[in-house]
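Both complexes shown next keep chain A, but they swap its partner, so chain B is in the first and chain C is in the second.
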Partner chain A sequence: MESHVVPDSAKISPFLVYYVIISLQVGIGVLSYQRILAKQAGHDGWISIVIIGIVIHIIMWMMFKMAETAEGDIISVHQYVIGNMAGKVVSFLLVFYFMLYIIIVLLNFIEVIQIWMFPDLSTFWFSLALMILSTYLVFGGFRTVVGSSFFGLVLPAYLVLTFVFTFRYTDFTQLLPIAEHSITDLLKGSYYMSLTVVGFEILLFVYPFIKEPKKSKKWAHLAVLTTTVFYTLLALISFAYFSEAQLQKTIWGTLSMWQIVQLPFVERFEYIGVANWILILLPNIVISLWVASRLLKRTTKLRQRKGTILISVIVVIVVKFFDTGQEIQALNDLTEKIIFGFAFVYIPLLFFATMITKRVKKR
Partner chain B sequence: MKKRIVILLIAASICLTGCVEKKIVDEINIAIAAGFDSGDEKDKFKTTFLMQDFMKDMSVQNRTITTEGNLRREVLSDAHKQSPAPVVVGGMRLTLYEKSLAETGLGEYVDTYQRDASIGTRIYFATTEGKTEDALKADYGLQGNGSFISDMIEHNIRQGDVPKTNLAVFLHDYYQQGKDVYLPHLKKIDDQNIDIAGLMLFKDAKALFVLPSEKLFYFKLLVDQYSKGDFTVTLDNSEKASIHSIISKHKFKIEKKDPTHLTINIKVKGNIKEYTGHSLSPSRIKEISKELENKVEKECYELVEKFKEENIDPVGFGAFYKTKIRHFDFEKWKESYGDLTVDVNCDAAILETGAIY
Partner chain C sequence: MSIWDKFKKNNNDWQTLLKQSTDYQSTYYINTKTNNRFDFHFFSTLIDEQIVQESALPALLNEELHTLDDIKKIVPIADVQISKDPSDIEQKIFNGYVLITLDSDKNRYGFIAAQKEIVRGLSQPEIEFSVIGPKEAFVESIGQNLNLIRKRLPIKELISEEFTVGSLSKTRVAVLHIEGITNSENVETVKQRLTNIEIDSISDSSYIVELLSDNSNSLFPQLLDTERPDRVAAILSEGKVAIVVDGSPHVLIAPTTLIEFFSAFEDYFLNWIVASFFRLVRVFAVIFSILVTPIYVAALTYHFELIPSDLLGTLVTSRRAIPLPPILEALFLELTIELLREAGARLPTKVGQTIGIVGGIVIGTASVEAGLTSNVLLIFVALGALGSFTTPVYKMSNTIRLLRFPFLLFAQLWGVLGIVFCFCILTAHLLRLTSLGRPFLAPIYPLRIKDMKDSIIRSPLQDMSSRPTVLRTQNPKRFNKKKAKKVNDIDEESAK
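Let's look at the complex of A and B:
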C-alpha cells in the first residue's frame, strides 16, 4: 500500500470526533426538515427520526469495523476489497459526492438569506467569499479544520435556548395519538430525513487522523445520539407549535418558529439566527472541502493545496448556474437520492464486502 | 501566500457589503399598523398604514397613508408613492380588519402575512366595528396609536379576559382542522378612546358574530390554559363579590361508552378582590365559590350550545377528538357536530380574601 501514514502531529484527540461528526450532521437541513416529515408521517414524524437514528448507530458500528479491518480510510477499504487501481477509481468518484454536498449547503443557505434577509444578495459574491474563507481554513491543515468544527458547534449552541420562546404557544397533545401512521409512512419520513442527518460517514474519511481510534468509538456514537436527540426534540416542539396543515406549508419550520421570539433589544430574531447559522454551516463546507481535496490527493497525484483551489473554483462556478428556487429544489431531490444511496445503501454493502474479503483472505 | 489570501478575503468582504440594499432606520418609514377596509368599488379594498414619527420632545406623531387596490402587495407599492421614504412592514405590530371585510373572509390575507418573511408572527390581528381608517386616525395616547392598541390587547391577554391571540395563534388555528379562528373585536368610542368590545368568532375564516365582552372570561376558560381574568358573582341576598382568577385549567374527557358525550372539567383558583357584604365568614366563602362554580358551569354550557347552534367550533372540539381517536374522520365529525352533548363541571377554589377579614 502507498504511503498514507499520517504523522502524529497532524492527528486529533479521540474526543474531537464528537465535534467533527455533529458539526457535519447539523447543517442546512435543520432549518427545514419539519415540513417534509409532516407531509410523510404527519404528527408521528419524530418517530421517523428515531428510526433513522438507530440505523445510523448500526452504520457507525459497521464503519468502525471496516476501518479497523482495512487499517485506514475508505480508500484503503476500497483497495482492500477491490484492489489498488479499481479502489482508487471508485474513491475518486467520492470527490464529486463532497462537491455536491458543498454546493447544496451553499445554494440552500444563500436562498435562505435571500428570502429572509437580503433579497438582492449576490449568489456569486457570497459563495466566492465563503469559499475563499473555507480554502484558507483547509490550508491550515486538518487540525484547523477540526478547530473550525469545534467553534462551529460551541459558539452557536445558545440558539437552542431560543426555542423556549415558543413554549407559550405549544400544545403537546397535538402529538397524540402516537403511531397513527403506518410503518411505510414512517420509513418514508426517515428516507427524507437522510439529507438532514447525513455527515456521520465522515468517520470513514478521517479515521487515519484519529489518535487511538478505538477510544473515539464512544465519542462517535455519542455524537450520533446527540444529533438524533436534538432533531427529535426540535421536531416535537415544531409539531406542538404548528398545526399539521400549517407545517406542511411552512418551508423553513425552524426559522418560522423564531418569528415568535421577543427580546427587548431586537425586534426580529430571525436575522440573528440566520446570521449565526453561517457558523454552523462553515464546518460543513470546510470539512467537505478538506475531505474532497484529500481524496483528490490520494487518488491522483494532485497536491492538496492545488486540489482545494480547484474544487473551490468548480463549486463557485456551478453555484452560479442556479437561480430559481425550483432549480435548487430539483437539485435537493437529486442529492437526497445520491446521499441516501451512498450513506445508507453503499456503506452497508461495502461492509459486507469487506467482511467477505476478510474471510477469503484468511483462508 | 497566506497574507495574500487574507487581503483577498478582506477585499471580497468589502465588496459584499455593497451588494445588498441598506435600510437605515432614519431613512425608512416603519409601518406600525395596517388596516383593511372594504373599498368603494367591488373587489377593491382600502388600506391604511399607520406610521409613527418620533418628535424631538419624545412625543410620537401619528401619520397615516390610505391607498386602494386589490392585491395586498400592490397596496404597499401605492403607499410608497405617498411617503417620503420607503414603507417597510418588518416592524408591524397590529393589523385591523373592518367587520364587513372580515365577513367576506380573511383567507386571502393570510397568504401575504405568511409568505412575507419580514413580518413577525407576534403581531395582533383584530376586527373593528367601524372603518379601520377611523380607528387608526385618532389620538389615543402619548405612545402613538399603533402601540396603544397593541399594548391594550397585550395586557388584556396577559391579565384580562382576552384569550391568547396573535398571528402565530391565528395561523395555527386557521390551518387546524376542527377548529375555527377568533379575533379580538375593537370599537372606537371617540377620538381619544377605543376599547375591546368583544371577540369576533369566525366560521371558515369568515366573521360570524361578536361574543360580548362579559362572556369573554368564560370563553377564555374553555380555550386557554393557565389563564387569568376577572368576574363578579352575585349571591342570593344580592351581595356581590369580585373575583380575580389567578389560574385556571380545563380538561376535556370523552365518555368511553358514548363518544358523542364530552365532559369539560374546569378548575379555577382565585382571590376575592371586592365584597359588598359585611364579613367573609368561611361559610360565605364557600357560598361564593359554589356560586362561582354554578355560574361558570351555566355560562360555559350556554357558550357551547351557542357554538353548536351556529355550527362553529372555536374551542377546537374537533381537534381534540382527533388527538383521542385514531384515524378520526372529520367529514363524519362535521355532520354529527350537532349531536355532541357536553357536561361542564367546575371546581372553584378561593385562595385568599385580601388584606381585611
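Let's look at the complex of A and C:
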C-alpha cells in the first residue's frame, strides 16, 4: 500500500484536535437550529441533542479504531477494505462532499447577512473574497489551517457571554414537563440536528497529521462533549427565553436572542454577532477546502495548490447560481440527507467493514 | 572575481591601481643595523600614524631585521601577520594594516595592524528610551558593539562568528549565540542565509533584516532590531541569535515573535504588576488605533442602528454641517496626521516640534470650524495616532500606522463585516508568517501556556525559570526555580 509520509513539521500537537473538531462542528447551524428542534421535539428538543451527542461519541470511537487499523486517513481505510483503485475512486467522491459543505456554509451565511445586515450584498463578490482568503490560508499548509480554527474558536468565544443578557427574560418552567414527547419525535429532532453537529468526521481525514494520535483521543472526545454541552445549554436557554409557538416561527433563534443584548455603546448587537460569525465560519471553509484539495491530490495526483484553486473556482461559480431562499432551502434539505448518510450511516458501515476485513486478513 | 583580481591578471604590479588614490602612501626606510631596505605601503586615511611612528618604526629602524619573521620579534604590536599570498594585500590594506615588504624577502608580505578607529561616543538610547535602567546604546562600530555585549556576558560560551557581506562594501557581520543554550538549527539558518546573500553594498542592519526575512513582502518586521546592549544580552541568554552589523547602531535579534514587538525593555525594570499593566495598555492601544476610525466609518456609513440613541445624538450634531461622506472625512484626517508625522520626521528637531504644534492645533481646530471634519472624529483620529506611538519598536509602529488604511477601505465596502473580514486577512497573514522558520504568532499559536508568562503580561522574574519552548533551546532551564523561590514559614529564619 502506498503511504503518504507526512513530515513532522506539518504535524500538529494532539490537543489542537480539540479546536479543529469544535471549529468545524460549530458553524452556520448554531444560528438557527432551535426552530427545527422545537418543531420536531418541542421543549424536549434538548434531549435530542444529548442523544446525538452520545451517538457522535460512539462514531468517534469507531473512527479512531478504523484509523488505527488502516494506519492512516479515510483513503487508507478505503484501500484497506476494498483495494487500491476502488478505494481511490470512492475517496474521490468525498471531494464533492466537502465542496458541497463549503457551498452550504457560504450560501447560508450570505443569506443571513443579506437578511440581517446588507440586503444588497453581492453573493458573488463576498464568496469570492472569502474563497481567496481561504485559498491563501490553505497555501500556508496544515498548521496554518489549524491556526485559523484555533483563532476561529478563541476570538469569538466572548460571544458566549452575551447569552447572559437573556437570563432576565427566561422562564425555565417552560421546559417542564420533561420527556413529554415520544421517542420517535426525539429521534427526528436528532436527525434534523445532524447538519448542525456535523464536522466531527474530519478526524478520519486529518488523522495522519496528528503527532502521537493516541493522545489526541481524549481531546477529540472532549471536543464532542464541549459542543454537545454548548448546544444543549443554548437550546435550554432558547426554550426558556422563547415560548414554544414563538420559537417555531423564529428562523434564526440565536440571532433573535442577541437583539436583547444592551451595551452602553452598542444598540443592535446582532450586527456584531453576524460580523463576528465570519471568524467562526472561516475555519469551516478553510478546513473543508484543505481536506478536499488533499483528497484530490491523493486520488488524482493533482498538485494541492492547483487543486485548491480549482475547488475554490468551482465553489464560487456554483454559489453564484443560487438566488432565492427556496433554492437554498432545497439544497439544505438535500445536503442534510447526504451529510446524515455519510456521517451517521456510511462511517459506521465502513467501521464494520474494516473490522471484518481485519479478521479476514488475520486468517 | 573582484575588480582587484581582474586587475591583477592584466597588471603584474599590484601597486598601479593603488597609486591612483592620493591617500595611498608608500615610502622606504633602511635598517640601521643590517642595512636592509624595507617599504611601507598604507592608506593614510585608514591608519593611525601615531601607532606607526611610535611603535613600529623605531623598532624596525634600530633592531636587527634580517627576514620578515623578525618583525614579530621586534615590533611591540600584537597583530602582526606574514603572508605569501598577494591576494591578502587588498583585504589587509583596506582594513587598516600597514604592508611591509623587505628587499631580502621579496615573495612574502608582512602586515602590521594600525587601524584608526573613529568611534562615536556612547550615547543614550533614543528610540528605546527608558526612564530607569542602563543608558548606553550601540554605536556604528562593530568592535565597540561587541565590546558592549561581551561586557554583559563574560562567558566563554558566547560565540561570535564573523562574515563579510557585500561585494563592494565588505561589511563585517557578526553572528552571536551562546553555545549550549541556543538551538544550533537557528544559528545554522542565520549563517546559511548570510552566506547566501548576494548584494553589492550593505548600508545598515535594515538591509540584513530585509535579506534575511522569511517573507520580505510582509508589512511586519520579522527580525527585532534594538539599540540596547542590555536587551541583546538578555535575549541572547534566552536562547536567541544576535546579528551585529558593522556601521549600524542597531543589533538584530532572531527569531522573534509578534508579541516581542510590543514589549519595551523597560518592562523588566518595573514591578511586574505595573509592567503587565503597561503591556496590556499597549496591546489595547494598538487595537484601538487600528480599529477606531474604521468602526467610525462603518457605523456612520451603514449601521446607524448600532449606535445607542444618546450617543447617536452627539454624533449627528457633530456631523450636521459636514459635506463629506465619513470615509473621505476619515481619510482626510488620517492623511493629515500622516503628513504631520512625515514632515516632523524630515525636519530638524526644533522645527519639527513647531510643525507638530501648528499642525495639531491650528489645522485640527480650523478643519473642524471650516466644517470639513467632525470634532468627534478628530478626537478619535488623534487618539488613534497616539495609540500607534505607544509601540516600543519603531518599525512595528510604522506597520501599525499603515494597517488602518486597508481596514478603512473594507469598512467602507462592507461595514462591520468588512472590518472583521480584514481582521481575518490580517490573522491569516500573521499565521503564515515565520521568523527563521519559527512561528511568528507564538506563544498564542501554537499555544504554549508556559511561554505566556512573558507575553501580554510580564510575570515576576523568578517565575520565568524556563526559556521559551518555541525556540527549542538546548537547555530549557534558566535557573532552579525551587531555589529561587524559597518561601519561609511564618516566624522562621531562612535556612541556609
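Keep in mind that, in the parts below, the second predicted complex is superposed on the first by the 362 of 363 C-alpha atoms of A that agree within 3 Å, B and C clash if a C-alpha of one lies under 4 Å from a C-alpha of the other, contacts with A are read in each partner's own complex, and residues count from 1 in each chain.
Going forward, a contact is a pair of C-beta atoms (placed from the backbone, for glycine too) under 8 Å apart; a residue touches a chain by one contact, two chains touch by 3 or more.
The model shown is predicted, which means the values in this text are computed figures rather than measured ones.
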Touching partner for A:Q246 - first (chain B), second (chain C), both, neither: first
Touching partner for A:Y136 - first (chain B), second (chain C), both, neither: both
Which of chain B and chain C A:S13 touches, first, second, both or neither: second
Contacts of A:L31 with chain B and chain C, given as first, second, both or neither: neither
Which of chain B and chain C A:E267 touches, first, second, both or neither: both
Touched partner set for A:F118, first chain B, second chain C, both or neither: both
Which of chain B and chain C A:F151 touches, first, second, both or neither: second
Touched partner set for A:T173, first chain B, second chain C, both or neither: first
Chain B versus chain C as contact partner of A:F126, first or second or both or neither: both
Those residues of chain A which chain B touches in one complex and chain C touches in the other: 118, 121, 126, 129, 133, 136, 139, 267-268
In the complex, chain B residues that touch chain A: 2, 5-6, 8-9, 12-13, 15-16, 19-21, 90-91, 114, 117-118, 120-122, 164, 168-169, 171-177, 179, 319-320, 323-327
Complex interface listing, chain A residues touching chain B: 115-116, 118, 120-122, 125-126, 128-129, 132-133, 135-136, 139, 168-169, 173-174, 176-177, 180, 241-246, 249-250, 255-256, 259-260, 262, 267-268, 270
Sites on chain A touched by chain C in the complex: 12-13, 15-16, 113, 117-118, 121, 126, 129-130, 133, 136-137, 139-140, 143-144, 147-148, 150-151, 264-268, 271-272, 274-276, 278-279, 282
Complex interface listing, chain C residues touching chain A: 302-303, 305-309, 311, 414-417, 419-421, 423-425, 427-429, 431-432, 439, 441, 445-447
